[in-house]
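Heads up: the structure comes next, in structure tokens.
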Amino acid sequence: MTVSGGDLREMYRRMSRIRQFEATTKELLLKGELYGAFHTSTGQEASIVGSCMALRDDDYMVGTHRSHGHPIGKGAALDGLLAELMGKETGVNQGKGGSMHLSDFSVGSLGETSIVGSGLPVAAGAALGSKLQGLDRVTLCFFGDGASNQGTFHESLNLAAIWTLPAVYVCENNGYGELTAAHKTMAVEHVSERAAGYGMPGVTVDGQDVLAVHEAVGEAVGRARRGDGPSLVETMTYRFDNHAIGIRIENYRDPAEIEHWRTQRDPLVLFRDALGERGIDGDELDVIDKEVEAELAEALEFARSSPAPPPEAAFTHLFTNPIDA
Amino acid sequence: MTVSGGDLREMYRRMSRIRQFEATTKELLLKGELYGAFHTSTGQEASIVGSCMALRDDDYMVGTHRSHGHPIGKGAALDGLLAELMGKETGVNQGKGGSMHLSDFSVGSLGETSIVGSGLPVAAGAALGSKLQGLDRVTLCFFGDGASNQGTFHESLNLAAIWTLPAVYVCENNGYGELTAAHKTMAVEHVSERAAGYGMPGVTVDGQDVLAVHEAVGEAVGRARRGDGPSLVETMTYRFDNHAIGIRIENYRDPAEIEHWRTQRDPLVLFRDALGERGIDGDELDVIDKEVEAELAEALEFARSSPAPPPEAAFTHLFTNPIDA
Amino acid sequence: MRTLTYLEALNEALVEEMERDESVFVMGEDVTWALMGSTAGLAEKFGEERVRDTPISEAGFVGAGAGAAMVGMRPVVHMLIAPFVYVAFDQLVSIVAKSTYLYGGQAKMPITLMAPMLYGRGNAAQHSDRPYPALMTIPGLKLIAPASPADAKGMLKAAIRDDDPVISFEDGGLWGQRGEVPDGDHVVPLGVADVKREGSDVTVVALAGAVTHALTAAEEVADEGISVEVVDLRSIVPLDRGTVLSSVAKTGRLVVADPAHEMGSVASEVAAIVAEEAFWDLQAPISRVTTPHTQIPYSADLERPLYPSADRIASAARQLMA
Amino acid sequence: MRTLTYLEALNEALVEEMERDESVFVMGEDVTWALMGSTAGLAEKFGEERVRDTPISEAGFVGAGAGAAMVGMRPVVHMLIAPFVYVAFDQLVSIVAKSTYLYGGQAKMPITLMAPMLYGRGNAAQHSDRPYPALMTIPGLKLIAPASPADAKGMLKAAIRDDDPVISFEDGGLWGQRGEVPDGDHVVPLGVADVKREGSDVTVVALAGAVTHALTAAEEVADEGISVEVVDLRSIVPLDRGTVLSSVAKTGRLVVADPAHEMGSVASEVAAIVAEEAFWDLQAPISRVTTPHTQIPYSADLERPLYPSADRIASAARQLMA
């Protein structure tokens, strides 16, 4: 799959957005301006952006507790995301969802859900909905290596397969579910090996190489859109931070392993190199980084100056159609 | 695997017990002497008995809503089973379980459970228990083709695999889950194809051939007992009755298909032929059939003359250790 | 007005809503075969895209219903038998009930679940549950339990049209009951209890199968000079406090009859509301007629006495008048 | 007596029971790493066979706990965070709660679940549940919610030794609380409430984190001349009706403080019991102080006021005296 120069720059921009968003929000959390269970996407940018850029704007995406990166990858503006993390009324979820649920429906981000494995059936259903509506929309579902051991993984992939649904399941295999290594929780090397049990294609790609991810997911999206059914794509990636910010247990990962991924397998660095080879040089990317920095500063300003939700807001949205009784 | 003459006769006896037990109880149900949701094992005797005879007496077995055959296969006496179907105090479950839960713990029948897929984790746990206790007991788990689409299937086989548990999962693939054909609910031909996703062996055998089942399950049991971990064995079988006795919808199965299995693939007939080739002739088997008939008549007498549980029994066994509060 | 059985009424509701709105579709185990009756003829009429048999994957297909609802469909998910909701419980709680709120109103969740309760038939502990009390504890779900053919039709139609998740509990004991069902587009609003019989001495708030027993009990004690008002709750969430409280204001005595196990039952909730808000109206203790906190046994002799009956309701009413 | 935190007390209970009985083992997500604190040091002490990290497969490992229990083990299954019980709900209901009865007493189910509740921390709707009300509706489970370090240790030990399934709900808000814990083999029997403070005007029955608030409220209104008796329920199932009813017999007024959502809460159940059995003792309406029937929002400003607090309990007590 060839990617246009514009798309390459947009990929880089989205990766930069995620990277900088996470750096800033992590800092705010450590300073006490933010709170909640806080899982960053730093290190996993290529997997997210390579996948999302294989989608159309009107395609759907379902995600996880590690929710910051996904909507950014799908094209969400940063201000509503930051305001959400601050629990403000202007947040994408009006301050009700927070760190594990940043979801911007306006860009097809259907919902990041923090119960591990709970998004997989939802994605099958969204794909079923599009199919019944006669639309050629595709639904992409992110989930982790840990989530692949949930029963919902099995049921959802099976449903998607027997009903030939336009769904693409992307396993972000970062090697760990919380503090437990993936290889201790499954007896196969790759989550993609499980695809055969559902009669669907399953591939594993380098999750730090945004173009490789884009290519593999793009193929799966094409297949889904043509009506040929779902696929499973596993991206081998790594999270640079601890499972959640603030967890003090660190000894479950070898420091050398962390060091290796951070220094040798940083998806932004790798992509800068790849872009260089394609004639997009560092200066241009630096400009993008600066633009993102400015965007983020504005978003921060927006979030900080936004009002807190009014007390009644605790009671709205329980139902779309509340009934007085 | 060679099977001794004694064991061959015992296999036939158990198959005959199941066949006759089901014929009698079905008749009683249709006459109104029994009640409840009633799923017979007729047609599936080879799969049950071939599997159970591969176990030791002190091995465990976990089963399903189609519960009549399993405990008989594992060696349970008929009187307590029949009394249970009549809701009597002398029933194996003291009249509290009934048709979907005939379980005789004295022969290692750990519990037939009627929520589809709910027994698979229990079996993993029993196997884990034996392992932690340093015992070389094996746990065999029966489940249906339909159950293989439950999340618990996935989670349980994965647990068994990563913990190298002494468990054998036997899928009784009778082609249907209630009225829905198995091929409409999965995109692979065989449930056994799913074993690879858990890094365990998976095989499919002719479920109407008791010796083939015995051999395949025997191998899996040996593997488990040696500490080499779990296996999945799929037995291709068929139920001669409707999903449950009393269901009036019949058009989901082709009459020719039913006819074919009943006349060409009856496991008792096939086994009689195989036994004949091994020099055990029909007369001897007729004697066994007669003995079983007598046993069943006695069991029926026992069940009928047994008392109903006293009203207080509704409240006992809620807890093993009730606390007055 | 025509006379329909409860099951026929459900079927009419499904047919009419599927005809009215293309976004309505039905899925569940063996729905094309109509194993549970209410989906009879739908597959023939609407095809197997809109009437869809599922694998035995309750969490999967309930969650899939939620996903379809989020993109604009109106799924009706048939649970086959009510206790199977437990298998899908997390999807119901974490996704179906919470998405609208969690995403700050971005998600709508117009999904309906049909959940027949088959107790009293020798199905033993795993198959006999009446699981609405567990679900009542989960904000974000609307729960209904229609107790007549007219309500079965009208409330199911309202549920399908509602933009929020609704779980409709059918009492299997009522499936064969015949009753008048208004012609035309008969829709019964959610959240409104129905005074099924007026009376002045004792209020019996009843639910699901207990409504019939309450009406029988009311007849029984009427001969003894006790005038019973029967309030059919119909809707569990939202719960129509107003109707309950005004009835108690009139009678001063309350029996709550609920087929659920006592602990955490709807009966307990109604009792708590009244003890809190209508205490000064009460002239006698509140009485709950429920299923005791034990399992459901297989033995018919053991099972039968456990549930609320006309006799148990009648004697509760008598005791409050003593 | 020593002083321990609530978490240290839980840890001591685990260590002591594992030392005492070889059949006790612990499993759950990241238990060897003690992500939730209470399992600290266990893996080092007892090895990874008896302290076992699980995949993220709640239904699978809860059911596996049940199977192990059925063959004679005493599993302690750590749920990481309480709402994850929903993922394993059917295994809890259909297997853990029902097997003893269903098999006519052939199966014992000595399994303990540890379920920390982490509400009030900006974890939003999916992670903040206090799910004991849903489980209270399921006969066959024993439920406890210790509210002090001494009870945390003593009741967890009792739970592990009990032959029935026990779910222990830890209120995360109490984890850091320090308190005296008796030396030696300190076991607190299940099913017994504890009068944590004596009083004569108003009974406050409180649960989990609300106990601390009730004690604070009692201090607060004592200055105003209102004497509050605080009953810490501790055990939800079985529920110690005797202690509750005698306290109400003495005070004639009842506030029930429960961090759960109001509908179907333990507060509702206690209110119903008292309205049924102690009606003639009551001098005022029963008052429930609970979390309203809405979702838990992320925003700290929105979340905080939703839960029972000392202020809310105090004003409920005042109102009953007015």
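Residue numbering begins at 1 within each chain, and the chains themselves are lettered A, B, C and D in the order written.
Convention: a contact is a pair of C-beta atoms (placed from the backbone, for glycine too) under 8 Å apart; a residue touches a chain by one contact, two chains touch by 3 or more.
Keep in mind that what you see is a predicted model, and the values were worked out from it rather than measured.
Trainee: Hey, if chain A just vanished and nothing shifted, what pieces would we be looking at?
Mentor: Excluding chain A but keeping the rest fixed, the chains that touch end up as one piece.
Trainee: Between chain B and chain D, which partner chains are common?
Mentor: A, C
Trainee: If you tally the C-beta contacts for A-D and for A-C, which one comes out higher?
Mentor: By the number of C-beta pairs in contact, the winner is A-C.
Trainee: With chain centres set to the mean of the C-alpha atoms, which chain is at the far end from chain D?
Mentor: Chain centre farthest from chain D's centre: B.
Trainee: If you average the CA atoms of chain C and of chain D, how many Å lie between those two points?
Mentor: Their C-alpha centroids are separated by 30 Å.
Trainee: Would you kindly tell me how far, in whole Å, the mean C-alpha position of chain B lies from that of chain A?
Mentor: From the centre of chain A to the centre of chain B is 45 Å.
Trainee: In whole angstrom, what separates the CA-based centres of chain A and chain D?
Mentor: Chain A and chain D have C-alpha centres separated by 36 Å.
Trainee: Please work out the Cα centroid separation of chain A and chain C, and write it as a whole number of Å.
Mentor: Chain centres of chain A and chain C, defined by C-alpha means, are spaced 40 Å apart.
Trainee: Which positions in chain A touch two or more other chains at once?
Mentor: 93, 95-97, 101, 113, 115, 118, 149-152, 155, 158, 162, 184-186, 317-318
Trainee: Could you tell me which residues belong to chain C and also touch two or more other chains?
Mentor: 54-55, 57, 59-60, 83, 86-87, 90, 94, 101-102, 124-126, 139-140, 239, 293-295, 297
Trainee: Name the graph shape formed by the protein chains and their touching pairs; answer line, ring, star, complete or other.
Mentor: Contact map by chain: complete.
Trainee: Which chain A residues qualify as touching chain D in the complex?
Mentor: Residues in contact with chain D: 35-37, 84, 87-88, 93, 95-101, 113-118, 146-147, 149-151, 177-180, 184-186, 247, 249, 252, 308-309, 311, 313-315, 317-318.
Trainee: Under the touch definition given earlier, write down the residues of chain C that touch chain A in their complex.
Mentor: Residues in contact with chain A: 23, 25, 49-50, 52, 54-55, 57, 59-73, 75, 90-91, 94-95, 99-110, 139-140, 142, 162-164, 189-192, 235, 238-242.
Trainee: Give the list of chain B residues in touch with chain A in this complex.
Mentor: Those in contact with chain A are residues 149-155, 158, 161-162, 184-188, 193-194, 196-200.
Trainee: In their complex, what parts of chain A are in touch with chain C?
Mentor: 60, 62, 91-97, 101, 103-105, 110-111, 113, 115, 118, 120-130, 132-133, 139, 151-152, 155-156, 158-159, 162-163, 316-321, 323-325
Trainee: Across the complex, what residues on chain D touch chain C?
Mentor: 83, 86-87, 89-90, 93-94, 97-98, 101-102, 124-126, 129, 131, 133-140, 237, 239, 260-261, 263-265, 267-269, 271-272, 274-277, 279-280, 282, 284-288, 293-295, 297
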